[in-house]
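Below is a structure I'd like to ask you about.
Order of writing sets the chain letters: A, B, C, D, E and F. Residues in each chain are counted from 1.
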Amino acid sequence: MLPEIKRSILSSLEKSTMYSLLKDGKRIDGRNFYDIRSIKILPSIIEKAEGSALVYLGNTKVLAGVKVSLARPFEDMPNQGLFVTGAELTPVASPAFELGPPSYFSIELARVVDRAIRSSEMIDLEKLVIIPGEIVWMINIDIYPLDDDGNLIDASMLAVIAALMTTEIPKAEITDLEKGKVNVIKDEKRPLPLVDLPISFTFAKIGDYILLDPSSTEENIMQNRLTIAINNKGEICSIQKGEGGGFKFNEVIIAKNIAIEKVNEVRKLVVNQLAKNPRGPNAWEYI
Amino acid sequence: MLPEIKRSILSSLEKSTMYSLLKDGKRIDGRNFYDIRSIKILPSIIEKAEGSALVYLGNTKVLAGVKVSLARPFEDMPNQGLFVTGAELTPVASPAFELGPPSYFSIELARVVDRAIRSSEMIDLEKLVIIPGEIVWMINIDIYPLDDDGNLIDASMLAVIAALMTTEIPKAEITDLEKGKVNVIKDEKRPLPLVDLPISFTFAKIGDYILLDPSSTEENIMQNRLTIAINNKGEICSIQKGEGGGFKFNEVIIAKNIAIEKVNEVRKLVVNQLAKNPRGPNAWEYI
Amino acid sequence: MLPEIKRSILSSLEKSTMYSLLKDGKRIDGRNFYDIRSIKILPSIIEKAEGSALVYLGNTKVLAGVKVSLARPFEDMPNQGLFVTGAELTPVASPAFELGPPSYFSIELARVVDRAIRSSEMIDLEKLVIIPGEIVWMINIDIYPLDDDGNLIDASMLAVIAALMTTEIPKAEITDLEKGKVNVIKDEKRPLPLVDLPISFTFAKIGDYILLDPSSTEENIMQNRLTIAINNKGEICSIQKGEGGGFKFNEVIIAKNIAIEKVNEVRKLVVNQLAKNPRGPNAWEYI
Amino acid sequence: MKEIDESKLILIDSNGIRTDGRRWNELRPLRIRVGILDRAEGSALVEMGKTKALATVYGPKEMFPKHMANPDRAILRAAYRMATFSVEERKKPQPSRRELELSKVIKEALEPAIMLHYYPRTVIEVYILILQADGGTRTAAINAASLALADAGIPMKGLVTAVAAGRVGDQVVLDLNDVEDKYGDADLPVAMIPATGEITLLQMDGTMSSDMFERALKLAIEGINIIYERQRDALKRRFLELKEKILGGEFYASRD
Amino acid sequence: MKEIDESKLILIDSNGIRTDGRRWNELRPLRIRVGILDRAEGSALVEMGKTKALATVYGPKEMFPKHMANPDRAILRAAYRMATFSVEERKKPQPSRRELELSKVIKEALEPAIMLHYYPRTVIEVYILILQADGGTRTAAINAASLALADAGIPMKGLVTAVAAGRVGDQVVLDLNDVEDKYGDADLPVAMIPATGEITLLQMDGTMSSDMFERALKLAIEGINIIYERQRDALKRRFLELKEKILGGEFYASRD
Amino acid sequence: MKEIDESKLILIDSNGIRTDGRRWNELRPLRIRVGILDRAEGSALVEMGKTKALATVYGPKEMFPKHMANPDRAILRAAYRMATFSVEERKKPQPSRRELELSKVIKEALEPAIMLHYYPRTVIEVYILILQADGGTRTAAINAASLALADAGIPMKGLVTAVAAGRVGDQVVLDLNDVEDKYGDADLPVAMIPATGEITLLQMDGTMSSDMFERALKLAIEGINIIYERQRDALKRRFLELKEKILGGEFYASRD
């Protein structure tokens, strides 16, 4: 109950004070306009998933899990494995989310993350083929926000790339090539073949100010948002403008430049966290 | 916005004047009781569909499109191709239609059209078989009303038969009879095998008057409707009474006789329009 | 209309008088606390179903029907036939039921009945295998309450076991073992192989009183219910507590003991009714 | 699992006898019971041959959501559903497009008979469950539903009565069974309010000449008149039964 | 039934000519008609090459259920749907996740242009049906929708205009067709309110360098300015047409 | 991809040791954290062995649509869902019939503990997400949910505590893991309000003799008493934590 009290008291301060703070170049939580909140990544946290990660972006928490299974490839892409991205926005994360059929935002969230992975060609799909045209690995990525304090898109993106980086695929032995039969050896595993690490940056526009990584307090009063994902080569690999309101040409260029400027720092942070943070089920102790 | 203004002004006149006009044997748009509004047919208007037609029945506009694909026949009908009729009543055509699951009327509309085609045996389904019991052509007919000024059933029926008359089926070469494999040659096409041309006639009952081809103004105050479809031999091939209210025995007989009397004239008109009207995507110029 | 009048007059009496009756060890319909209402079973009442029964439990009426079809077994259970239990709670039985997606109670009802059949291993699923791993019989059991005067769980359970006892399976001749093809001979039938006959007992708690087989009047004021099913060996084969409210440890033990005490009497009654009652479509005369 | 070889099928033999022993103008055995359920406000079971239709009625009752109510009259809702085991191959419980279309035409067949304007802002609900389907389920459904409405005390201009006529070869036949429906040449279900002569349901598939259609429609109306008498008898029995119960003190109301 | 062998596909030939004969900075043939439907309050058909988008508008009208209404402004609803036969392989009628995402971004592209605060507690509805899809359906949809809004007399800051730019190899191209969309290297759909310079839709998939992105975005804006002129012309024609009809007495209102 | 050959499976070895090293009457390692989420009004994570259940609570808040509200008391809603990756084979996101049944029995297990009559016309919502499933998810869910209710400050008669007992051969065992649940002989999940002795959830599948049932039920209640102590400790820690935060001035309210 206490967080709500906290929030309602805040909200009276909020709207009046936020604009005056912004005028002085400050944000309500003390950050500068282009600062990202602290990132914490707990990898391999779900043993039954082939890959998983819990990501903190400030107080926003997102859990992503990966399941791997055998599937038939698409007829026109016999030499490519498959991946599917889903997002479940349950009321666990926010009273604004409802059970029932997927909301527009949950569909957008899943598709934006999916596009960044697809455009950057992060996963080497050809290495997921077992028998061309017959059997390939299918990678199911599912995003579960647990606590929404703003910027679910970037937090989900981080959780998904971290989960994919922890994913292991079992060995598949072909037992009957003609009939397309395969034997799965669960104990022999190899990492999911990854060739890129796209990072997304979401900007909010409030009045004429552009802020990176908005908190939920900032999202409440923003007019619109812009997400830009950058791949390993420093290219843009996905863009999504969201909510009503519009961006000026210059604002888009600024956001793009900031994203390119920040990408290496964030990518390094992700890699470091995955290397150093406790892995496995006991990581829950750290929550 | 203007059509609504027009309509609201009309509606005050409408209800009071329509009955007095009917008493004098006249309809609000000047037609006699058994007159059909002008029919215009624009064939092959969607290039990506294997068959299509846009039909004007007065101001009512219905677009029908046909897609052709390979399918497995029903087990108990190994020697018959398949066809499926659907109707999408979107708010494009009328504020009375809603997005979401199909309404009762959209289901009725699709099924009434489907029954007339099926009962008249319009499509020679045996000629759609490629490998008996294994592969046949499936014909998907979809009805999209674009502008509802009344009598969607007859307009849809016209659009569907016109779309079927423009439909072409690609050649299917059997490459492996045992495994049921088939190669589709898109460039070699033949017309869909048709053996009948059913025409439907919808009558509205207003007070004790029976009117053919009701406009939306007339539908607003009708008690009920009766649709009768007639095949090439002059036989009845489908009937559907709709809405509350009832018909007297004699009224049914009159409607049936009118339908039989009119059918050749309408059928000739359809054939003529298909022959003379501009075909292909540029036909949109004529809208 | 009259039953509603009756009910509304009752309901004023009801709540005030029921408790004082219970204090004297009596129920509103004259039964003792652990009395079951009269049971009538009309077997094989639907000719098109492979098995069926209409059960009266007092005024509660439930129809269960069984359909038998060929299916593929689950991959990890190649030597077991399949069965699926469904319950359709339509407004036919009660104004409290609605059309639309299955309610929580209809899911619970189906699953409780299903678990009792499954746990008691009532159906010998291995005898339903035609070709191991390829083709087995699937048994679809569907429950349709027709008149809800309380305790639909026990009435449904009775209807289902009676329907299964009347079920006959056609002969299946293997025509092609390799391709898994089978010929069904509808005229040669054998009974469904049954090895147990679970009986369920549902208790309502009203105040501190525990009543067996509640009527709808009693259900209206009960706090919660407890269902216990007993198999042929006198073992408990399923339990389900339902509705809010709680049971004391002792109350659970009492209910369990009553169920075990009563089971043979009820099981005998079911067998007798199935033997002596008119079978077949004319049984409807007896309704 | 196809059971009938269509080519060998003889629907009417050389003596004019149909597959179930009837002549062209005979109805199937008809059984009617009214008020057989306690919980529903009105109920009826109608059997036409092997076809069994159970109908229940609730209302008039308050309409939710309120903005959907009609300020001038009651709204009638009707749902037609088939039990999963009512047919040869199990039907899925989700309503098919056919069941939804029949729900609509059945509603429209009953609507003209009911005094809906007596009960503005309310809803009257009719639920029909087909327990067994052997041809003519929509007509059995209408016969059962109008009796259930009467049993529920809903004021009506008259009962609605229904039966199908059809064509087998060059023969007009009455009250088609399942085989005649599937393998015959035309099916013409008709519902009427005999008290007013209004035809409230009329559908046809298959083909019929103009002339044969008139004969078939007349035949259906003759059948309707016979069934109508049987409906009235069943209602009378029901009301006598109720009268006895009330006088006999079965209702608590009469205890005081 | 795959039709195109990707390896052999040349999207721009050695003379700089694209598969449909255009140069890198050329739009496809554009056809615009406003007010072509009678029943809708506003309507427009926009064709960009073979892509055909039909938009209709209703409102402002009362919002149900009432507790979903906004006391300060109108709510905008937008639905984007594709006809089943608009694409090579038949699309199922149920909306796909793609159609739902596009409904959302199209709504958000139109929203900033509309004076929603003029009409508190109401709803304005935009429906778009793609009759044929050949690349750029979302941008055609936005062009059609903003004209339909104007045709319906909804007050706006300005029209919303949209077109995609993209990348084929190391070349920036304007207004991608279906083949370029599928086999090109990046797609950048853009919507703008030319009157204010606000970009109201911006999406991208594929990859682009920072520099090329700026060039592509500028190219899209140039295309938008051309289309915007054409939209304004079409609107003017529509209003002249209406004026003539009214003066010509086609409307009953002018009969008195 | 079946992983376990049932015939070779030994659930309890000759020394009475279970597959995960426990004796018959031992609980799995239990970890409890309360108040771990910021956005929810109450939250708790309960781990029983590898099973992880996260619960959040909102309310009491106004009920929509209003005609569904209860004028005498709050309505409790509970939803139990499993993450797609919580199990061996990916679960589809749509709720299964099992998840819907468990939502119902969990709601009914919690209901008797809550002072619903304090808050007429409102709704209290409980959402449970199973992050990993390894047997006993419904009991872990109840343990987490009742802590989340307490964390949200919802007045209760007492916490609800749950654990399963079961049968493996002729042995009664406590707190079944996934293998014991699937290949054991009976599963008996029990929830209780220890403060009042009311059993609020009781289910069983498999078979048990009358005598063994009594023993299993008693064993479950013993397990419940142990877990209950741990729940109370976790709540105490939570309230101390909050007290510190408030005294430490982390909340804006205390700044004035």
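Everything below uses one rule, namely that contacts are C-beta pairs under 8 Å (C-beta built on N, C-alpha and C of every residue); 3 or more make two chains touch, one makes a residue touch a chain.
Here the structure is a predicted model, which is why all the values come from computation and not from measurement.
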{"item": "Maximum centroid distance from chain F, chain identifier (CA atoms)", "value": "B"}
{"item": "Longest centre-to-centre distance from chain D, chain (CA-based)", "value": "A"}
{"item": "Cα-centroid distance, chain C relative to chain D, in whole angstrom", "value": "30"}
{"item": "Inter-chain centre distance, chain A versus chain B - centres from mean C-alpha coordinates, in Å", "value": "49"}
{"item": "Whole-Å gap between the CA centroids of chain D and chain E", "value": "51"}
{"item": "Residue list for chain D, restricted to those that touch at least two other chains", "value": "65"}
{"item": "Per-residue multi-chain contacts in chain A, two or more chains", "value": "none"}
{"item": "Residue numbers on chain A that touch chain E, as the complex places them", "value": "75-76, 102, 104-105, 107-108, 110-111, 115, 118-120, 224, 226, 231, 233-249, 252-253, 256-257, 260"}
{"item": "Sites on chain E touched by chain A in the complex", "value": "2, 97-98, 100-101, 103-105, 108, 111-112, 186, 188, 192-193, 196-210, 213-214, 217, 221"}
{"item": "Chain C residues within the chain D interface of the complex", "value": "1-6, 9-10, 13, 46-49, 52, 59, 61, 63, 65-67, 69, 86, 88, 90-95, 99, 140, 142, 144, 146-149, 184, 186, 216, 281, 284, 287"}
{"item": "Of all residues in chain F, those that touch chain A in their complex", "value": "1, 3, 31, 33, 36-42, 45, 47, 50, 52, 54, 56, 58, 79, 81, 83-90, 93, 125, 127, 129, 131-134, 151-153, 242, 251-253"}
